[in-house]
Amino acid sequence: MIRMLRLVGLSIWRQSLSQWSWRSFLITIVIGQSVTPLLGLLVWSAALPGDSQVSTYYVALLAVQLMTASYEHHTLSNGIYDGTLARALVQPQPVVIDVIGSNLGLRIWHLIFGLPLIAIAAVVAGAQIDVYEGMLALPAVVIAGALRFVFTYLLALSALWTERAHGVVGLGETLIFLLGGTAAPLGYLPEPFRSVGQALPFWSMLGLPAEIAAGTIHGAALSQAYAVQLGWLVVLTALAAVIWRVGLRRFAAVGA
Amino acid sequence: MPFETGPDSDPVVVISELGMTYHAPVRTAGLKAAFRALWRREYQRIEAVADVSFRLTAGEIVGFLGPNGAGKTTTMKILSGILHPTGGEALVLGYTPKRRQPAFLKQIALLRGSQPIDGPIELTVLDNLHYRRLLYDVPQRQFQTNVDELTDMLDLESLLLRQVRALSLGERMRAGLAVALLHRPRVLFLDEPTIGLDASAAMAFRRSIATYASRTAATVLLTSHYMTEVEALCSRVILIDKGRLRYDGNLAALATHLSPYKLLRVTTADISEPVAWDSYGEPENSDPNQCAPNQVILRVHRQDAPRITSRLLAEVPIADLTVADPPLETVMDEFYRAGVA
Amino acid sequence: MLKLIRLFATLFSMSLRRQITFRADLVFELVLTVVGLAASIAALGMIYTRTDTLGGWGPGEAIALLGTFQIITGLRTAFVEPNLQWFGKQVKEGTFDAILTQPAPAIFLASLNTCAPLALGQVGLGAIVVAYGVHEASVSITPAGVAAWLALLVAATVIMWATRALLAALVFWAPELTLDVVYDSVWQFARYPVDIYQRPLRMLLTYVLPVAFLATVPARVLLDTGQLVAVPVSIGLAIGSYLLAHLAWQAGLRRYTSATS
């Protein structure tokens, strides 16, 4: 376990350094990640002028989006397509370590390059994030990050079966956009959409931490939301492990 | 035949004092240097081509040689209109390439071994040919004749209806050549065309080039790192190194020009008697595949060759003696290595 | 010009014939398009559960605008993106050199060399969405309005192509800079009426970046024929952006230093 953590740490270090070498492109993908939360902020501010809670929510959502950004369709699927997966399989460490390393490296850069943007959005939109509520949201951000990684990883594994992994991941992102709280804060939806949305995994990946930070979830609802989040993490991780094993058997047989 | 008259003897390609200089940003490793480079960039002047002049006439197949980075590809790109030279002049078929006039582009073709065929890979070879027909305004009847001819010459029959993505490298090269020759270019630039091909595919390719050139009197400029290829196709070679012209002339005389040595292959009549070969010249590392036990190859300075030959004949019991230039492959290797060092 | 059109028509029909042979791809592409479009409409619907009007646009009108946006996006995905996406990489790998040796203007060959006909499904679906939006908005549209809308769609297509080509030309000056993602990001602002944005942003998206002319202006003219003055403005803008792209390419090719040696 300690060895795994050290390998992950080493991988983050190596990956983030190599990511720095294409920093100008990194900045553009940070902008790309920011555009849907920012559009949500603009549209909802126009729809509900003077509602400071919705602005606060979307600024928090922007931060969560950057901290949970996942690109496994590029790092993993493309590795499967161009054959680098075969090389990774030869190394004496689980393949997933470098995928995690590059994911976390990217998220670190996303947060660093995104901070000015978050700050500007917060000032312009008049967001009010309470320090205590922000702290409450931190564990949710971590779990959301893990959840979104596992979800994207799972979809990216479709590269072992089809040439269209980018489309599959794109489909997943559409679902996260629609049901995860970007298209609309789930709390603003009429029932039963709200309850269904909160039970699905997408909200746990993105909207939940932002709602906690914006202070719209308290008490029993909060602990319930955490339970749902952890539950999905266990389920999706188990699923990803199974799919990986099946996919690897296929990879070995077909040599994809 | 330098005095032959008629339009065909007009030079097809003329370049004089051609030069190409780049300004490339210098990058130093490390985070700090990268940060510094954000606002202050250092540039380095790179002379890819400097003061190169030569001319090619119709029907010539000329080998364009030089080590990697010598400026061969840059020169070819200038001649085909891709790059604008920073100095000197280039004329191809009377046109200035960099102006990229359609009338000019319709008479040339550039084929690169690294990218034999361009365009969408999901199209078939025949689709590609049809597209080129429209692009190059090849009349329908001419198109049919040319396709038939190319199909025959390049053995395309089985490839025509296949998608480019599904072709092997050798097949891609054949298809690429067909696409490049469809509009019957009068000037053909071939940039390492057989790189990566297996021996028989490379030989078939060379045959096709020779056939095309003799049939259409096209001018061909060919870069290649395979001396067998150059020897098979070109009687004239142009050698450049570090952007500068080093040799332009007969292929046969290239070795003489480049190498100060001759090789004496001596066969002794009596092997029982040891000979102090060192006193005549430098014995080559004798390759048992090439030398019989009673043979030795001596490397001697060109001007010493006659004297040493007569000494050998006088002092050693000789069964046979031949004087030859070193193999071109070896000469080029020495030349390139001297350049790199 | 006629030759170019023939060239692209041929290329298009070839690509179409190839693409429809992969039925699984066809279905998958359709699913992607439908899901994406449904999500956009649902996102709009969610907003209109809390308000009746967004920047002066009712729900039906906003849907008609979204459909217009989808049409232009479909045209972009079908014809322009397959060529100019990651253009810097093409230049770096030397594929662009081949285009330069061909006897037609490089800007056209580079930007329209290949296409993805399946993406035209987005255009069809977009048209359906427009019709649905118009129906929902229950405004009566006139033949003049439809004609003006079509003219503005053509202008928007030209603006899209020209700005995309302009962005690609950046590679001649700054080969390391890849702004594809930024273009995409700005593009997304066109899916809502520009009227909802705060004043400085609205000015930026109208006068500096022609985002407003992609969907907002055409949809507005379709729904309210009183705004016909937008037609000449938009066409003028299209011509202007074409000229700008043309000049940028000319200047860029002059200083082009091919990547591979």
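A few comments on the model shown:
As written, the chain order gives the labels A, B and C, with residue 1 at the start of each chain.
Assume contacts are C-beta pairs under 8 Å (C-beta built on N, C-alpha and C of every residue); 3 or more make two chains touch, one makes a residue touch a chain.
A quick note: this is a predicted structure, and the numbers were derived from the prediction, not measured.
Among the other chains, B has the CA centre that is most remote from the centre of chain C.
When every chain is reduced to the mean of its C-alpha atoms, the one closest to the centre of the whole protein set is C. Chain A and chain C have Cα centroids lying 29 Å from one another. Rounded to a whole number, the gap between the C-alpha centres of chain A and chain B is 53 angstrom. The mean-CA centres of chain B and chain C are about 45 angstrom from one another, to the nearest whole unit.
Residues of chain B that touch chain C in their complex: 22, 48, 68-69, 71, 73-74, 77, 80-84, 100, 102-106, 108-110, 112, 114-115, 118-120, 122-123, 127, 130-131, 134-137, 163. Partner chain B is touched in their complex by these residues of chain C: 3, 6-7, 10-11, 14-15, 18-19, 94-95, 97-104, 106, 113-114, 254-258, 260-261. Here chain C touches chain A in the complex through residues 25, 28-29, 31-32, 35-36, 39, 42-43, 46-47, 49-51, 54-55, 176-182, 184-185, 188-189, 191-192, 196-198, 201, going by the rule given at the top. The residues of chain A lying in touch with chain C in their complex are 24-25, 28-29, 31-32, 34-36, 39, 42-44, 46-48, 164, 167, 170-171, 174-175, 177-178, 183-184, 188-190.
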